[in-house]
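Only one structure is covered here, and it is reproduced in the block below.
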């Protein structure tokens, strides 16, 4: 029979966001100790954001513990409610702890350039030949698959899924609080204790007591603010643009037969599009930064320059620029960069950000998240945006922010080609 | 003539500890942008502490900005006091910003194993062929030396020196607050605003108004608590012990002609004891962790094992052990380890910690720090420990904490050599 | 010649919201010491709110210091900007400090019942025969009037007026932060340091740099949340309803020739509608609570009962009730209360709350507040709600919340008149 | 049979210190609603401290809820430990909630002048004819006595007593945190969550796991700092000196047959030394302040002056003065005051403060508090000061601070008696 062992003595981690993270289950303790989970210490939660907000140096390790802790507290509150089945406890805790375990370094850029999906790797780590899989199987051979299904949102257990992925799940609550804490901004704060207290389990989802509506509004507004102030910050995106271009360039060079001084062995399978789990688990930010440092001395001028920019934080500047509306300017800029000898494929980049601060349910759409439902005193459920004017106001509005990134220093240095310099500056109104 | 340019518009960095860090001087702005200063982003403030307190992932970059900001605020307060010469403003700010610029990755261990001193490198970076030197020289060719002298405490300008290095300097105030913030403990907090308000410049040092004595007591107690709870934490020291042994092993292997799969080129000059500034500046934590990851696959069993332990946080356990008092046990343990085939030079390590929470002045001693002086209403100065019972109680007492570190898992696995296992467990009372 | 004397040494007040409140001007120091200003210690900032949020026991004294401190910080930032005239410094500080000096105990209720306006008393205290007036006149005989005009918004100095009264003035910023701190809710927090940094003086108002828009949005949302969660809390309003009815009853009794055991001498001129400044200044919450305590033993059953309810926090219960839509129910309830011997004029009360979380400018309207203007990089000004979707969503919408208050305990006790009891419970759906 | 009813739905109070205060027991809910407990809203926690730290306006009501909440959390942690008997749960909660219910306005001064002891009234309220007694008796007729005995420390249930009164009890933990929060100082903070986690119930007391020693040291140091910075602040004591002298004067006047304009009926039994419980319960700060306001217009010059001083915060100044060592100066001052027509019995006051920041156990002494015991891993108990150098340093040292209070303004106004003025100023070195 499968048994959930308890630790002799509760273990705690000191955590600046939740004060303490409490572990009572042997299984959780062992999962934290695996090398796949420890690897998350070497992957920053917010990618290049530390180049804008210097405090944002925290890792996915601390976020993963935080999500676990929030789910643990929710379950403590749910414990005696009929809709909650305590058999799901460990499943929920494992899914919370492991939901991000497949993330790699600078996920956003790597996934875009190499067409990866960290969710595939999360699944791979949980189901594959790993320390994590070995430990999960102590709860039964089908337990890893159950955990993976919850994380993938394909599980039948909709209630448990909604703890981890919905419009107001433990994942989002932890990252808002945590990212606010480490960047030092006040926007991400909301009354999580109050929200936990008004959560109620239903058969297929977690709902929120009507009396907690204002606390949820506050949480939604925090998200809205964090998106625009932190997650989409144009300087962070500038660093990401450069990082993406470095990866593109290195891939291109390899494919064109360029001889690297240091063979980028860690990147081979990424370039070739056939990454194995073993390869992937060797990647972390230290490895990436190591290559970037070495590549600062490569002969290829573009790779060298981009790596130096990234390492020394000599980023691209930006202007508002909407390529859909400014097609002519775009073409002209592109050509002028070429003329001036600055490769526009690497040095002229449009980046667009968008967010959906609160999505109501749209059946059939991909990537949909469960909307937030309020539980009225009568027992009736109402979708949040129908009750809250503030949320309604920002619901479902897709806002896109287009920026054009370019190396202002190089343009300023165009002393031999004054015409190009003038033309560029004029178009960019800079 | 030398001019201190002001920025058109003040720049700010969001900082979780000081809320904002304000930069008004072109010179400071440019120093922050140098590659030598940006390198501090890749060196953690607290070395291996993040393996004990997962929030402690902050870098020396953020600490350096913090020390700068505190000095900036002190000068704002000193501005109109006769003992303060505003000509020293930029000198103080530069020294504050750059005081740690020579730190390398995991300084403590590297310095011990390779007999380095980060202060030499700080001096080297400020006076050598670097971007920092180039920028400092805008203030005059002797300006870099002035800055270096303040940091080295050899400057004649004792007042400025005391801002950066004394028993209550900007360096210590920032790191206590910052390390407390990121680890999440409450001990490091004290009322810095109050302390800044009661600081008074004297010709040769900063003194504290008598009315601020209790705030200073609180600061001293914070230091005391942070030392015992954070800085000397036995788990952090366990990781450091392993790291140190990795460095020793790699050096030993190189010296014995071992063929590494990946040539440790970044370490050659360290091993040989002839590190240049250029070599040194290439070192950061990413580079170190890269090697450790690669070395997990090395053929040498000891190097491989220690690197896996470090990367996957499979640390040594510890017991209280004073080798001075327990020489026989030590010898017996050492021999038994050998017998059991576990190399005691790598797997049986005594680490001793000590602190001096508050030192009063001891003339002639090396490394002395200026004691704290209270300014009585009468104008008389009194050394703090003569006025404060609490400080007196903990003054000058050297407390040493000895721990013996060893791989408990390996001992438990000694199934073939039960006698050794029993003996070891008995001696360690484990 | 008029001189603004500086204190020998800056004085500070420890303040939980702003850390310290700094006073450098002799004039400000003396104003704080006047008996009219000290009286604010005996008047709570949030009236009956402490009966709902027990932490809300802070006084108008601390709020007034807080508003002063915010204006002091704004002026520090404005100091070198051409649009700011430093001659207005002391005028601004005095207006900030004294803007609420005319408040009496439980202002809201007293003003409603006795048709008073605390703004008249503020003016009276500044211009009348008071310690405050005496001190202000040290700056010139017309100085008190200048201060009063700024507070009354009739001053020509629109810029100074906007520091104290606009949609984003020092008054509102302090009370949101302070009320949030003392009640313990997290909603009222916003990044005041950031807002102060993006404020810019213009000839006729303070404007906000466009780059600070999100911080201002956050402030507006804080206001919105504080209104609905704190200021309009139905339990607070229940206590206010009772307090109002006590005052009505006492006035009625006096007018009908009732003989009080203790003559309510402090209320005579209030009842008669001819309050002098001297009378008014004798009123504070201690006096009011003293009478309420004594009146618990009055013979008049209604006065006795209402006072006991207030003192012992035995408040009225409430249901949603809109008298405009439920006229028939209202009439029926009113009659049934009468039948049951419960005087509906005192025991059946509708209270309506409304707020305008953010008003844009509406010319010609009374009580208008200056809207918030954003300063674009081009120098153009744009009204906030035209730039911010979130603010636009909640702008100018008047939301009213109607509640019916009644003594549920008395209804439950209607054992002799079961019909009335049933009817009332049915109408109230209770 | 006696039943402990649970509320249908948990009630919460928003609390700035503990975030939320949770009530699940019908009994606790009803106790909070009694008029005797609600009266605590009208008595400030820190007496005259608000005249020094303007934030310190919080009441004993909020403190009492806080102590209750801490005990509730301790019991939650103790629940499954064998040494804890859950039958004591409600007894502990009631004792925590009611431990201060006998406090009157400005207790310290009233008790001194009128020879009262608030502990007698606490007992009286719990055992007498009160709403509180009525409710407690629902748990059995002997339950009130049990609660009173715990508070009086005469109960046999030493473990429960130690929750409320020991060197590290819920009372002290709450007031340190709360007083620090409301005054705004940082000194009172310590890691209460950690301390609660290392508490262990023993048959006759709560002990602390050895591993929590540093957290306890930090708590002891907080106490030490709060005593010297807040509780013994000389300005607070100045207000208390005046308050005490007002009470003395009023008593003296009454006894000498003086005709008050307003008969001080609330004080009659205090003056006569025969206060009944009913009289006592009518006293609160509003009543006291009401009289003080009225007495500002009394004919007796001393009573009038002292009341004006108190109401308008025109306090006495102070100098260091030890009457034991300065007997001659004292006598001379006393005589000179007399000569100058300033009654020294009211205007020349020595006040002495002392604290015992941490007392170790002294058998047989009255008022002793249980010392703190550390629980070693071996199961052995060790008294804290034997393990902690810091605590040892401040243990049992009685420090007394003597100050002489006098009306500096009156002395300065002695224009007709220059000799007296000179002599006084000379002796006071002022």
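For clarity, chains are labelled A, B, C and D in written order, and residue numbers in each chain start from 1.
Simple rule for what comes next: a contact is a pair of C-beta atoms (placed from the backbone, for glycine too) under 8 Å apart; a residue touches a chain by one contact, two chains touch by 3 or more.
The structure presented is a predicted model; accordingly, all values stated were derived computationally and were not measured.
Taking the mean Cα position of each chain as its centre, B sits at the greatest distance from chain C. When the C-beta contacts at A-B and at B-D are tallied, the pair with the greater total is A-B.
Rounded to a whole number, the gap between the C-alpha centres of chain A and chain B is 32 angstrom.
With centres taken as mean Cα positions, chain D sits 44 Å from chain B. Shared contact sites, meaning residues of chain C that touch two or more other chains, fall at 19, 185.
Residue ranges on chain A touching chain C, taken from their complex, read 185-187, 189-191, 214, 217-218, 221, 224-225, 228-229, 389-390, 392-394, 397, 399. In the complex of the two chains, the chain C residues touching chain D come out as 13-17, 19, 33-35, 38, 41-42, 50-51, 53-55, 57-59, 61-62, 65, 181-185, 282, 284-287, 289-290, 293, 308, 311-314. Partner chain D is touched in their complex by these residues of chain A: 12, 19-20, 193-194, 197.
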